[in-house]
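Look for chain A in each of the two complexes below; its partner is chain B in the first and chain C in the second.
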Partner chain A sequence: MSTFEFLRYATLGQYVPVGSLVHRMDPRFKILAFALVVAAVTFSGTYLANVILLLTVFLLVALSRVSLGQALQGVRPALPVLAFLAVFQVLLPPQTFGGEACNLIWQWGFVELTDCTLRFIVVSTARLIELIVLTTLLTSTTTMAELAYGVEGLLAPFQRMGVPAHEAALTVTIALRFVPTLALQMERIVKAQIARGADFGTAGRFRFVKTTRRLLPLLVPLFLAGLRRSENLALAMEARGYTGGKGRTRRVKLRARPADYLALAAAAAFCIAMLNVDFATLGRALAAWLGQF
Partner chain B sequence: MVLLLTEPSSVVFFAASRLPIPMEGAFFMHATEPLIEISRLYHTYEGSGTEPIDALRGVSLTIHPGEFVAVVGTNGSGKTTLARHLNALLLPTRGEVRVAGLDTRQEAAWPAVRSQVAMVFQQPEDQIIATTVEDDVAFGPENLGLPADEIEGRVRWALETVRMWELRNRPPHLLSVGQQQRAAIAGALALRPRCLVLDEATAMLDPAGGREVLALLQRLHADGVTIVLITHHMAEAVLAERVIVLSEGGVAFDGAPRRFFACPNHVTRLGLELPPVADLAARMVRRWPDFPAGLFDLDDVVDALAFRNVQIEPLSFTDPPFASNGRPSVAARDLRYTYLSGTPLAVRALDGVSVEVHAGESVALLGATGSGKSTLLQHLAGLLEPQDGHVLIAGKDAHARQTDRRFLREQVGILFQRPEEQLFETYVGDDVAFGPRQLGLDREAVRERVRRAMEAVGLPFLDYKDRFTQSLSGGERRKAALAGVLALHPKTLLLDEPTAGLDPQSRRDLLATLRHLNREEGLTLVVATHNMDDVTALARRVVVLEEGRVALRGSTRQVFSQAERLRALGLDVPAAVAVMAALRERGLPVPAGALTLDEVEAAIVAGTAPLPVSETERGDL
Partner chain C sequence: MEMTRKANTSTLVRRIAVTGILVAITVLLGTLPVGGFIPFPTGVNATTLHIPAIIGGILEGWPVGWLIGLCFGLFSFLRATSPLFKDPLVAIIPRMFIGVTAYLAYRGLKRVNELLAVGVSAAVGTATNTGLVLGIAVLRGYMDISLAATVAATHGIPEIIVAVVITVAVVAAWKQIARRSGGSSV
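Moving on, here comes the complex of A and B:
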């Protein structure tokens, strides 16, 4: 029962205040640059491209002065999934991935491993690791408030077209603000009901009604508390003069510096390069060149 | 907005503020126009499918700039409704509310009204909007559409005023409750209001947190801010220059606290209680009808006692030794516990705590917010597994593999903070029956347990079993939650802040119930509380925690004789003990061990030969 620590699982992003170059970036530019690098990751399907991407990602980790352990903390929970996907891929009948010719490299009974499957497994594992580390990097170098400012700033130009930029940002902020609070509340309710003899385990497969009934002592109070909180919050916001986004100003004026433009330009150039270079050909050329020695 | 706050930095904001309302300094306050005018205000809540509730019935009052007003009254007397009319959060059903001359029914006036009358609510965590303190304080000024550099300046000023500037980057859930409430006050102050309304804003705070907030209010008041303090604590109400008493939606009294508390019968009839000094004076009046009535200041009481040449008998107060039957009901041995261990946010909650509670005892667990009280209670209930050390419940290791969960549930019950939140059934009876049903008892046995549990907490079974849970008052809901735990027939009951947020009447009721359960039914009690008066009412023994360690332990009398030490630990002594210490300081030999006003009264009376009772013209008002 020592798993009674809901806050542990409710840390959406753990900001690490070490104040690096990456920390100091304008959040709007950081989010855009992040999106560009993620795009590059998404469309890179070769060994060579992923070697380059992994190097880039870890270069970014070094630049942001976040410890390697912190950067990789999101990877460990994903490992079982990755292992499962790999096994699944091997057990499936060999696929051809866009009609290339594939060579069998290992066979055991009906289980066949072709070079295409192997590449698929290695590349998807690498991409997932890159994505997780990138996301961890974004949340450990950017506070929730900055993220909200960034989203609002990016959506602001579209406000005239009816995009509720301010409302979206505020909704995100409040949601993030209340995640830990509700987690603590739920923890307290669970403990209180367990102390009264409640059992929140499942009642057995397919006995959905009974299982749901068992959760009522948890769900009803949580729901009521949520309603009460949102009423209180609405009142508190109104009391402080909130009437919607109109006529509001912000404390933090986002001001892009030359370094921000430079970083965004670098990210864009990197993304375009990754999308346009024919890594398959380059890889073969590299292999041929290495083969000369 | 007005130049009310005397910091030099405020001059800058004055020029930029949007609503300049001319006002003179504090000396001319009542000469200026009233800040808030309420005339014949009615407010009716239209329930869906239920009877409409008239929360306010013809309230008329005027609040002038610079006043310090306390609003008191029982739960349901209309305090909160009135407060919400002061800044247009509610609009009159009938009648009129004007803030600085602006009618609150005009929607166009709301921004002006709300920036002049700011509000702080009871639940600190529900009024913090942003993910950091700094961003939250900026929320109000941002709504006012102020330029960024002025917002920055106001945030800094507000946070420095509440002494939270160093914590500006903290996320709200990592603040203590007291800090959260100060952040909320900063959020209100950043609007640069002329008036601050606090709706039971100290109810959830520990003594040190409460003292800090009250000191802050007095500073703000000295700077000319109008304060409207809604409170259940009469000791807070006496800080005000004026007290408004609400009863059933009407104003039952409006005037100086001294005058209100001069009529003890009136105070009791309104469901309130006397502040300790006035209580002592009223007791003297009951003994000696010629004792001057309506004394309110400690000095006056001392003078009056001296004038009568009162001799105080040096009685010694001791409690009969507690007969323990040997084996502790619950015990903790060298507990250590760290929340979020292994993360950057790790917090050590318990650092080697050992406690033993014997059957039939009542022990109070004291300590500032964050000292580890709740964590210790949850260990004693077997809900948290110790990271180091042992928890023994009825002699068995709570987390040994062979210990039966059900056995533990039947030994120890726990009532968490705000237990009314754990109610989930539609009807009260069903909710109380939840525990016994989980034990698999038959229908009759469940019914019998529910009946006895409900009667024990003072909710008559037949009257209450078919009532809607959500339709009960706050105090009744708390009793229902207590019944739900008692229905499990625990031998030990652990309570976390059982009286927080209750009005004086409900609080006395609940304390009497718990005392009865302990003294008559033999239920062992462990009570974690911030309220020192709860301790004298319930506990014979006190354990004080500080940063996860036991800082003090001993009988209630021993512990409360160490006022200095307790204050240093962020705590306090009960109001009666403070009064007696003050009497001693003024040379009256009040016995040191006395804990309650009853005991002081006994000592004073024992030392004084009864005077012939003269039927003077002055009866009880």
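Moving on, here comes the complex of A and C:
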């Protein structure tokens, strides 16, 4: 019956409770800094930029005292996808990548590898590793509650413009609170339907219609039970005097320290530098310089 | 009276509660071994994770659909292991529109026939997800247009069918919309 223990799947991120500079950062500043570094990763498409980014990301791992194995654990499931994508890129007729001139560097029958394709493969692999490690880092140094408070704090200035900051944060808190509850609910539904003779699990890739039909007696009751629960929750919240974010006080007050401002400034400077330096030219200059030796 | 099961609570509080629960369902479908993904012969899985955003948009309006979609996007970005969805532009932006377009389709057709409106709305919401994800994927250079069109046909259409069936069943049961066939409401 261990296949029915859904509760053990209902984990989101793995918070690693060690104290470190990154753990102690104000969540608002951490999220902003994270977004800046992610932006730098998303828009960097050269070899040199990605080498710098990889080094930066691993420096951050060291700073946050999360073990390297833990930081890299998300990379492993991505490897088959990456391999598949690389093979796919090589087998496809060479793409032009925005009209840029590409040189053929390897050919075998109709299979052609241009330098553009090679760069695309290497850069997207590096980018994926950087992003996976960064997100693992964020969720392993920040609890989900801290993340919700952080998002609320960041959106608070926009509250006057009608952005529901408090409501959004409360929504996330409710969602996190109810994931285990609904997992148990789902477990109960699955067991009930199996007791009635239903069959679950996937029927194999080629019988997706069957798999889909097996999902219906699971998903429909799950949604209905969830909606019913949300009505009860709304009633319970009102019964306890909840009327929205206005005038509410909080047990946890976020206070930024000088170190937080410093970290954010560093992230901003890093992002601006990564987006403005012409790495293609710099890379060629570096290669020429290294070529002298 | 169309929403007989609604307790007499304020719109704001009910919206918060419904959004929270539907986001929880999204997360749950994404993490449990059963429910979120349907393996397809092509090797890529069809998803049901966008359905809570559609249902939220239909039942409680576009802000709810928008927020559920945003949370779905963030969740899929944080958990993604493929380069496509590890790109915040692909993972987050398209998802914010699922519930919004679903809501608009529902509002537009509600007067004609409510059940039809729900079905069309689910189809529109799913098409929004597929179309925007693939569209941005093409713009960002992850795939070319012909590949995107193939994926849209092989996955978009089955996903639309699944979404329509589930959404219609859930919304009809929840709102207790009478069906011509009668019988059980679930």
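To be clear about the criterion, the second predicted complex is superposed on the first by the 262 of 293 C-alpha atoms of A that agree within 3 Å, B and C clash if a C-alpha of one lies under 4 Å from a C-alpha of the other, contacts with A are read in each partner's own complex, and residues count from 1 in each chain.
Definition applied: a residue touches a chain if its C-beta (ideal position, glycine included) is under 8 Å from a C-beta of that chain, and two chains touch if they have at least 3 such contacts.
Quick caveat, the model's predicted, so the values are computed rather than measured.
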A:212 touches, of chain B and chain C: first, second, both or neither? second
Partner chain in contact with A:233 - chain B first, chain C second, else both or neither: both
Comparison of chain B and chain C by chain A residues contacted: C
Touching partner for A:175 - first (chain B), second (chain C), both, neither: second
Which of chain B and chain C A:192 touches, first, second, both or neither: first
Contacts of A:283 with chain B and chain C, given as first, second, both or neither: neither
Partner chain in contact with A:82 - chain B first, chain C second, else both or neither: second
Touching both chain B and chain C, residues of chain A: 11, 173-174, 176-177, 181, 216, 219-221, 224, 228-229, 232-233, 235, 237-238, 242-243
Parts of chain A lying in touch with chain B, wherever the complex brings them together: 1-2, 4-5, 7-8, 11, 14, 16-17, 143-145, 148, 173-174, 176-177, 180-181, 184-185, 188-189, 191-199, 216-217, 219-221, 224-225, 228-229, 232-233, 235-243, 247-253
In the complex with chain C, residue positions of chain A that touch it: 3, 6, 9-13, 38, 42, 74, 77-78, 81-82, 85, 95, 97-98, 120, 124-125, 127-128, 131-132, 135, 138-139, 164, 167-168, 170-179, 181-183, 186, 190, 200-202, 204-206, 208, 211-212, 215-216, 218-224, 226-235, 237-238, 242-244
Contacting residues of chain C [partner chain A, same complex]: 5-7, 9-10, 12-25, 27-29, 31-35, 38-41, 43, 46, 48, 51-52, 55, 59, 63, 67, 71, 77-78, 81-83, 86-89, 141, 144, 158, 161-162, 165-166, 169-170, 173-174, 186
Interface residues, chain B side, partner chain A - complex: 84, 87, 89, 110-111, 114-115, 118-119, 121, 123, 125-132, 134-135, 138-148, 151-152, 155, 169, 171-173, 184, 187-188, 191, 339-340, 343-345, 378, 381, 383-385, 387, 399, 406, 409, 412-414, 416-417, 419, 421-425, 434-435, 438-439, 470, 484-485, 488
